[in-house]
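There are two complexes below, and they share chain A, which is joined by chain B in the first and by chain C in the second.
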Partner chain A sequence: MDALTGENQIVYDARGLVEPDCEVPKVAKIDGEKATFDALDLTTRQINLELRWLINEEGVTDVTVHNPGAKHSLGVGLLTRCKITFEGSLGYFGLGIIDGPEVHIKGRVGWSACENMMSGTVVVEGNAGSLTGAAMRGGDLIVKGRLGARSGIDQKGGTILTMGSVGANTGFMMQRGRQVIVGDAGHGLGDSMYDGIIYVGGKVRSLGIDCVPGEWTDADTEFIDRKFRIYDLGTPPTFQKFVCGKKLHNYDNLEASERKLVL
Partner chain B sequence: MSEDHHVATERHNPELTIGISAEYLAGKRFDYQEDIAASADVDLLESTPGQDINWLEDVMLLAEDGVPAVFDRYSNSFIKIYFDIPAGHEDEVARKVLMKHLQSGNSYGIQLKRDHCKFPQPELGPWVKNSATVGTNWVPSVLPGWESPEGH
Partner chain C sequence: MCGIAGIIYKDGEHNIGQDMTRMLQSMKHRGPDSTGYALYAKPTEHVVMRYTVANTTTPRDYEFQSRLRRNRAEVESRLARLDAKIVGNEQETDYAFRVTLDYSGELKKIADQIEDIPDCEVLSLGHSLEIIKDLGDAETVCEQYHLDTFSGTHAIGHVRMATESDVDISGAHPYWAYPFSDIAVVHNGQLTNYFQWRRRLERSGHRFNSECDSEIIAVYLAEKMSEGMSLEDAMRLSLDELDGVFTYLCVTADALGMAKDEMAAKPLVLFEGANMIVMASEEMAIRAIIDHEIDTYDPYEGEVMVWTR
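What follows is the complex of A and B.
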């Protein structure tokens, strides 16, 4: 028999889940449509099971999670309208593939938060790591701190708004959606982007291939003012607008099947 | 609701089409594709998270096969729109038609949930309050008569 080392120690069920025999802890204190629980001694799977149990089976619409402890993959796959508050930081891959929740994180998030986010709102009080909002498809992701490199890589929709500065290659291969950067942008902004809009309030160290200045319109003003008002972000600064120059990729000439992938 | 000749032809000869339309998947056309009044009651703000229209901001009126259409990302298909769309309201109308399609459970992606979703979630999606929960008792599908190859 093979020694149980490395990945061999992990047992997956038919859905590809680890901890297949994990039970819902049912430790939350429920008060009507609100609930709160302490995640300090819970595993990632237990925390996510608790969230799903509360939201999908107990009719809870507002959950507060204490001591998330920067554990990875928290709050993923939540596909309903609800409010979730994390009283602390999340690790890698938090809130992936969510569709509907309104989430408030009173801390930081690690790499790849909100990957493939479909809809909803996420407000991060602190900083966010690299690849935040990767392949995001819709909704609003507000980061009040700074953002790592390659945020919004392959972004296909939605809005990523950061009040601080962003790292290199932000908006790499962006296909749709909007990024609003109040601070400075690192090298290679919007490199190889197909479409979408990037607004920058600070300095841009360098533009990526085929990322060019765009013409400001009334729709841009309305959009910026609305997002700053909704999220109580104060008075917006003056932004530069950047779009795809359409020299590298011609979005309109994509095959129909390719075009659907970015809709 | 009507089933036109074009749709029937596509269904019987799937190789004839490279596109996928909602009516092709459903085998019929829906009233909100033909009558603007059928989706007029949709409240876009109420149907979406947050204080604006959220993800619908990225939904716009497009065209498929030369017909105005809106894309349903939950079934990877276009919902063609056959009524006259008032000028200046193209995207709003497209969003209402899409939302009506989703809220009424007609999206093929939603129909697949009943048998195939692996995790608990609202059947009709986040745009309908108090929708039934599906996916609480998922079991792998079994193809009758199929056996795993030797050694697997």
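What follows is the complex of A and C.
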């Protein structure tokens, strides 16, 4: 068998199709600053090329994508302020490394949506898979359904707000930013977090290492109220607040004998 | 990586062969090495056996064709000696066969007798279960085995990216739970206490046809059920007794279950409709058979769910 390298390498797109020399399909209907196109028969790469062509070259600021079909990696790397609506669900790795867009998804998102998101807003009407908002650095990610496991892993900024429950190890190794969970949290909440704040409205199955209850302040109330008001989420419930106990990643000033006692 | 899929209809038979092919083909990128199906047709009084008389790694030398003929003749001879009357006999490929048997004895005897023949393997044995697996993508396997008209009530499937054992039919999923009738499993993940469980189950008299860790799950569950446990209880116990990261699907003659380990490290997306429950490693597989907008979700860590047809 030939080694799968160089020209012999088979490249699959999200539907398992080989897509060697993809060109911008230019199928969108453009009306001034608005555009719309049907993604049903387009591959991931074609959809992303179409979005970039519309936004970067045609001066479009508001794009509606029909039939995204839960394809992977849609809308990644959009680095400008614009408005994008997906009339359906996204697959894995959607909207990675975006910086500025206002995105509305009228379905669900799969694993690793909004990974490394820098700024902008993303509103998901349905549920989201695991690792949502991983390493997110800024912006607001609103999920109206439930979230999978390890959401906000390595989060470095921004806000993840979910109206449902979340899975295990939410906020794992979180470094900054906030998570707001209206429902319940799975085991290991905030495990090994460095910093940041996690608010939980429901039950917490268990706290992770070095995640501890925090003291509620007026700033917390103001923050929660503001987010619920901006995104029209109704009246916020009563939340518990969790923060980093600063005993895991902050023990450099401890004696060797004390380090053993930390955990 | 691998991809798994499952479907169960609550309102009778559907074209599950075609459904599963569409789902698995849409996840081809998760595992291009082999594709497998466990399909459940309407139960019959006969025993249906799917078996192979050579593997894909069997040398294709000058003697290959004559070995296939000899092995097939030996299989039929041994079935006759066991009083298993062949009432239907179909050749799917050079090396894969489907026989329907009039047989009321112990299924283990058939499996042991057939697998005693070099290069022969029983893929499935039961009154409604049929396991079909081979190298290539779903469309290739579907065409080879004429699955586009297979009618039944529930099914699971698998696309395999081989990581810890050979690319061959033995290493492909689903796994039949030898020697228990009508139980099969597909798995995405790795089991880290595979060898402990394999030694334990071999001491209990079970055989393993592959070096694939996933084969353990099928036999493990079947053994627990043979001790009186329900499918759901056996699956719940497996979360404690099997180590590693895994999401797996198990099917019996009338049920389909899913289990996800405590780390939730392997994906599964679920859709529960009025007449059907569909699940897959990726949502696009579900959308391959449902053309309207639906609400799907990921089961959480440590979750076990079972549906009956």
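The rule is short, and it goes like this: the second predicted complex is superposed on the first by the 232 of 263 C-alpha atoms of A that agree within 3 Å, B and C clash if a C-alpha of one lies under 4 Å from a C-alpha of the other, contacts with A are read in each partner's own complex, and residues count from 1 in each chain.
The working rule: a residue touches a chain if its C-beta (ideal position, glycine included) is under 8 Å from a C-beta of that chain, and two chains touch if they have at least 3 such contacts.
This one's a predicted model, so the numbers in the text were calculated from it and none came from an experiment.
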_Using the superposition on chain A, tell me whether chain B and chain C clash or fit._
fit
_In the overlaid three-chain picture, which partner chain does A:Gly152 touch, first (chain B) or second (chain C), both, or neither?_
neither
*Using the superposition on chain A described above, determine whether A:Gly171 touches chain B (first), chain C (second), both, or neither.*
neither
*Once the shared chain is lined up, is A:Gly190 touching chain B (first), chain C (second), both, or neither of them?*
neither
*Could you say whether A:Gly107 touches chain B, chain C, both of them, or neither, answering first, second, both or neither?*
second
*Based on the superposed arrangement, let me know which partner A:Gly77 touches: chain B (first), chain C (second), both, or neither?*
first
*asked:* Which partner chains sit in contact with A:Gly201 here, chain B, chain C, both or neither? Use first/second/both/neither.
replied: neither
*Touching A:Gly126, do we find chain B (first), chain C (second), both, or neither?*
second
*asked:* Let me test your reading of the model: by the given contact rule, A:Gly96 touches which partner, first (chain B), second (chain C), both or neither?
replied: neither
*After the superposition, what is the least C-alpha distance between chain B and chain C in whole angstrom?*
26
*Overlap of the chain B and chain C footprints on chain A, listed as residue numbers*: 14-15
*Hey, which residues of chain C end up touching chain A in the complex?*
25-29, 32, 137, 262-265, 267, 269, 282-284, 286-287, 293, 295-298, 300-302
*Show which residues of chain A lie in contact with chain B when the two form their complex.*
14-15, 52, 56-57, 77, 79-81, 99-102, 118-121, 137-140, 157-159, 176-177, 226, 230, 256-257, 260, 263
*asked:* Could you list, by residue number, the parts of chain A that touch chain C in their complex?
replied: 10, 12-16, 69-72, 88-89, 91-92, 107-108, 110-111, 126-127, 129-130, 145-146, 148-150, 165, 167-169, 186-187
_Residues of chain B that touch chain A when the two form their complex_ = 18-19, 48-52, 54-55, 57-58, 62, 71, 73, 76, 118-122, 125-126, 129, 133, 136, 138, 140
